[in-house]
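Two complexes, one shared chain (chain A), two partners (chain B, chain C).
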Partner chain A sequence: MRSKKIVKWGILFVLPYLVWSTIFWGIPFGWSFILSFFKWSVISPTHSFVLLENFITLIYGSPIAVSLFVMLRNTLYFMAVFIPIVVFGSITFALLVSRIKRFKSIFIIGFLMSYFCPGVGYTLIFGEFFAEDGLFNNLLMNMGIHIPWLSDYRLAMVSVAIIVIWKCIGYYGLLFMAGLQAIPPAMHEAARIDGAGAWTRFWKITVPLLNAPLVITLTLSTGMSFALFTEIFMLTGGGPQKWSHTFMYEIYTQIWTYGNAGYGSAVALVTGFIGFGLILLIRKLVEREVYT
Partner chain B sequence: MKKGVKAREKYLDIMSYILLCIGLCIWVFPYLWMIFTSLKIPAEIYARAFPTTLTLGNYVSISTELSLYGFNFYKGLLNSLLVAGVCTASVVLFSLITGYALSRLKFRGRKSIYSFVLLQLFFPGVIFIIPQFLIVIYLGLMNTYFGMMVTFLMGAFGVFLYAQFFRTVPQDLIDAARIDGCSESGVLRRIMVPLSKPVTATVALFTFMSVWNELLWPLLVCKEPGKMVLSVMLAAFTKGGYGADLGVTMAGTTILTLPVIIIFIVFRKYFLGGIVMTTGLK
Partner chain C sequence: MKNRYRMLAFGIPVLLILSILSSALVIGREKPAELVFWTAPNKFQNRYNKEIVDTWNRENPDIKIKWTPIPQGESSEEVIFAAIASGTAPNLLTNVFSGFAETLAKDKVLIPLDTLPGFEELIKERDMVDIIEYYRSPDGHIYVIPIYTNAMLWRYNKELLDELGLDKPPRTYDELLSLADKVVVPHKRWLVLRPYASGWWERWFDFMTIYYAAGGKHFLKDGKAAFNNDAGITAAKFWQTLYKNGYAPPGIVKARFETGNALCHEMGPWLIPDTAKYFPGFEYVLSPPPVPDGYPENSPIYTFSDSKGIVLLANTPEEMIPKAWKFVKERFSLANDVKWFEITGMPPSRGDLLANPAFANVLSKQPEIREFARGVPYALPPPMNPYVIETQKIFTDVCWEPLVYGRKTVEQAIKDGEIAINEFLASQG
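After this line comes the complex of A and B, so read on.
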């Protein structure tokens, strides 16, 4: 009798989550595939089956749709600036904090805060820094330099990357710190006795043993690059000349400005596949079995 | 020789502190700049780095300035609190009972439901937005509070954390309570809820933050100024080219940002714990 009662409770407890998951996870999941083969308008109830037209438009672009290759170029450009700097910066941060003995938590909290700061908030602040007559240019003016942070097509994505680096270094640094703690001190000691210098020990012991946090960081930062929205929406609007037009911004534009749910869904699917594929590829290339 | 090593170690320690202090100043500077700018009088905004006279005038003018364009700023603050608060309560409640059932109660389909939850964690969110948006439209939830909340009311992340935690509770404890005549809901209320307080704090804080910080979803769902949350209102106002005064904009930014920073500093323990828990699964 008791176990029957437990069964009843069990199902009752899981039911709300199952219902919600069906409506807002299961149905959207299946529907996103169906939608991408339709011309489906948000505003009017008309929709028609168009087979692969959405995907073809995505490849070639159209007056109202940015080509896949432009968005991919922008995202890869962003990643090429963002990822090396954020990995180098967070490892440095982790090494420095692991080294010191006192006030560790002050530094961790100070750097980590930015990760939880509202996107709209920090983007408004950095927007003022990067403005034509903003703080950075005012400081540089004394040296006679003027940098068009957001209005130059080559620099816009770099400026956005600077903001996201500021946001992420504390968080990724914390992951590397956990990795550093997991390295047994005896390994360094043994290598030292064998005559290995600090430089050799860093490259032969520390770096290989940081593989796990490195893989997590690369996964998170790739995912973040493909989900870039708030900074673009607030600062560049995809410009100049579409050089900061990201996948997420395109999805937003399609649905908000043009009401193209079908086309937007095709973009979202391709974004999901490319992002996921890239993460799998990175993992395959970087991930190693590490024995301590 | 030993003395030389010691001196070098000390030198490296001092260098580490210096580098970290410089880094910390750079990292914290944006917040300080934001707060100082919001407290400046208009004449000093561009002229000086640090204000000589402090004023709360910008916090008053933001309300009057935004009302010219049909926004009610402090209503936006309440809307944000409402949306984030309800979502947090809902996520905590449903994650708790679902996680409990999936880890401690035996019923058919339990294992497959848990696998489903794990599966949900690994899917990129981007593919769900548009169909979710259509569902909200077809259910008539556009421009409603419920529409802004509905996709955040539950989540696999919370269920996973609770399930992982409840798994570690010893069975003897539950059996003892049952023998003493504790009902199934009694076990949950008297034993599981008090034990899982740290998980509850982590789930609640992460949910509150992510809903409070969210821009895209409330931007899509709500176009009615009266119901807009703070992040959308600030974005709409500053992007709308209304020529907002810098001091006023930063007053708004401070009201959006500072509560989050304070919550983070006060509950830092749970944030650090949460990061450890979440990265364990990736």
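After this line comes the complex of A and C, so read on.
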């Protein structure tokens, strides 16, 4: 009797969230799913059912649509640069900050600020840095070096990755710091007594016990890679030669530049499935039960 | 404790319902008739539009104009798409170029203005009988009336010209390119400050300006690509020479023309007030775009027209259309055109700009503006085709970018661009 009552109250409390999610998440998702089978211009009152045509176009591309494989290649290229550096960088950041005795919170807040900075603002500033005659090239000029940060197809995505690494390193570092603090000091102490050196302790104790923040970081950074937009929108426009054309940029371009809401929805659906699948795969490969 | 939970559980939904109901009541309350008017988000145009809307609202209390600049976005076209899709589009809209008007007209979003009473008189009064023909839709109607015609010119740094011993800007490609050795400092100073950018509209200011100056007449014609000709290839070769040799920057730069980082660049009249404000004393010389070697001395030089107009959207209630049209006609009065020209510096799209004494004062005060006014008869707007955005993006991807980065020969790039655009246009039916 009592448990039934609790369930009733629980449902009542959860109801506002359910209503909210249905209106602002469930209905748009369902609508997007339906739209992906239609050819529809956002400003047109009519739309035609095209079955799988949008998905076929996505695979092969068209004069105004970038193919799935190009976007996947670009995203994987970005991930290959971004994820290793951001993970190792944020672990290093966490290890360094955890050794600081005074004003630790100032360092943490300082690094964390980048994560909460508006994307448009910091991208504009990085645009100045990466310009042909920007800060980085002016510094390199003294050594006789000029780097086409955004105008070389091999480098554009690397430049974008540098910006996103700067953005995320503080936040991910904080997650690793929390992980470090959860490791009982006695474990390190016992290993030290047994003769383990700093390097061995790091690889055999610290790294395995950081599995939880590692999984969170990998999940977040994979999600971030599939949601890459502001930096591309403002700096590269998907170029040069489509090497920085991402899924989000394609969705935006299709819907709001060309008005192809049906096709844009198909891209959004496929992006969601690939991103979600990759996150599941990463979790399966990396996630471990860890007991301290 | 139990009571507190109960209060919370019932209180939150009740508050939600009450707030929704109160919003509905506010929305349902009768308001005075109102026309929503969106204009280009430009500080000078804002000043002008605020003045004319304030005057209208004072004189027409029965129907108010609610004016706002177009919300910020990558381009006005994208914001307008979003507004129409979400049902928040205005009734009257400016900053619409010819091709975009055709895109909107294709989906029945616009009211044909030539069906409204007094249209012919308005066009005759403004001496724009010839100009308006550029804006006639393939269905025979006029959906957009151009407000201004910005004939794109090239501007040269006077100090650099003096240093080079030139008393006037170079006229031809050869004359300009021969100055490169004396002007260009790698990655610091360029011959032409025109950084490559991939936005679809950017081609108006690089390829098309030079293409029209080289004798090209159409980018698209009769539903097909029309740039694979001598003028197109000559213009594209000129640009490839600039980028290949580092005479123009291949990517974004923070350099400004006014700080002496280039000999020249393309320019619209909207830059005049900014230069005067932020770089007082900076001297420059305006000139038509450079032309191919051997281009006849006395032949007129055509250029691209960055021209935007006003449209009336079909979401306007039937009974409010006459009032909206009255506002449009008033907006195009001679007095308002003079005011527009004074405030924005952008030449109104009128055939009598140089002949009508009403504009003499503005033209005599600012000699730079006179140069732009002179270019009005030779300025060609984008084509009346609903796929201008798509075709210019295809041109950028298939032709222009490979050409800028030297991955294709000019002939190949132009040919590929033509094929891709024709295939796309054919697929649209």
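Quick note on the criterion: the second predicted complex is superposed on the first by the 269 of 292 C-alpha atoms of A that agree within 3 Å, B and C clash if a C-alpha of one lies under 4 Å from a C-alpha of the other, contacts with A are read in each partner's own complex, and residues count from 1 in each chain.
Going forward, a residue touches a chain if its C-beta (ideal position, glycine included) is under 8 Å from a C-beta of that chain, and two chains touch if they have at least 3 such contacts.
Bear in mind the structure is a predicted one, so any value in this text is a computation, not a measurement.
J.: Following the overlay on chain A, give me a clash-or-fit verdict for chain B and chain C.
T.: Verdict on chain A: clash between chain B and chain C.
J.: Who contacts more of chain A, chain B or chain C?
T.: B
J.: Using the superposition on chain A described above, determine whether A:Asn137 touches chain B (first), chain C (second), both, or neither.
T.: Second partner only.
J.: May I ask you to decide whether A:Gly238 touches chain B, chain C, both, or neither, giving the answer as first, second, both or neither?
T.: Second partner only, chain C.
J.: Which holds for A:Gly61: it touches chain B only (first), chain C only (second), both, or neither?
T.: After superposing on A, A:Gly61 lies clear of both chain B and chain C.
J.: Under the stated touch criterion, which partner chain does A:Phe126 make contact with: chain B (first), chain C (second), both, or neither?
T.: Touch partner of A:Phe126: chain B, not chain C.
J.: If you stack the two complexes on chain A, which partner ends up touching A:Phe93: first (chain B), second (chain C), both, or neither?
T.: first
J.: For A:His146, using the defined touch cut-off, is the partner it touches chain B, chain C, both, or neither? Pick first, second, both or neither.
T.: second
J.: Superposition on A: which chain B stretch among 9-17, 45-53, 81-89 or 225-233 collides with chain C?
T.: That would be 225-233, the only stretch with clashing C-alpha atoms.
J.: Could you tell me which stretches of chain A are touched by chain B in one complex and by chain C in the other?
T.: Touching chain B and chain C on chain A: residues 9, 13, 16, 42, 127-128, 233, 255-256, 261.
J.: If we count contacts the way the header does, which residues on chain C are in touch with chain A in the complex?
T.: Per the touch definition, chain C meets chain A at residues 5, 8-9, 12-13, 16, 73-75, 77-78, 81-82, 84-85, 103-104, 107-109, 186-188, 195-200, 249-255, 261, 389-390, 393-394, 397-398, 401-402, 405, 407, 420-421, 423-424.
J.: In the complex formed with chain C, which residues of chain A make contact?
T.: Per the stated touch rule, the residues are 9, 12-13, 15-16, 41-45, 62-64, 127-128, 130-134, 137, 141, 146, 148-151, 153, 233, 235-242, 255-259, 261.
J.: Could you pull out which chain A residues touch chain B in their complex?
T.: Interface residues on chain A, with respect to chain B: 2-3, 5-7, 9-11, 13-14, 16-18, 20-21, 23-25, 27-29, 31-32, 35, 40, 42, 93, 96-97, 99-101, 105-114, 116-122, 124-129, 135, 166, 169-171, 174-175, 178, 216, 219-220, 223, 226-227, 229-230, 233-234, 247-248, 251-252, 255-256, 261, 264-265, 268-269, 271-272, 275-276.
J.: Quick one: in the complex, what on chain B touches chain A?
T.: Touching chain A from chain B are residues 12-13, 16-17, 19-20, 23-24, 27-28, 30-31, 33-34, 37, 94, 97-98, 100-102, 105-108, 110, 113, 116, 120, 123-135, 137, 150-151, 153-154, 159, 178, 184-185, 209, 212-213, 215-216, 219-220, 231, 234-235, 238-239, 246, 249-250, 253, 256-257, 260-261, 264-265, 268, 271-272, 275-276, 279, 282.
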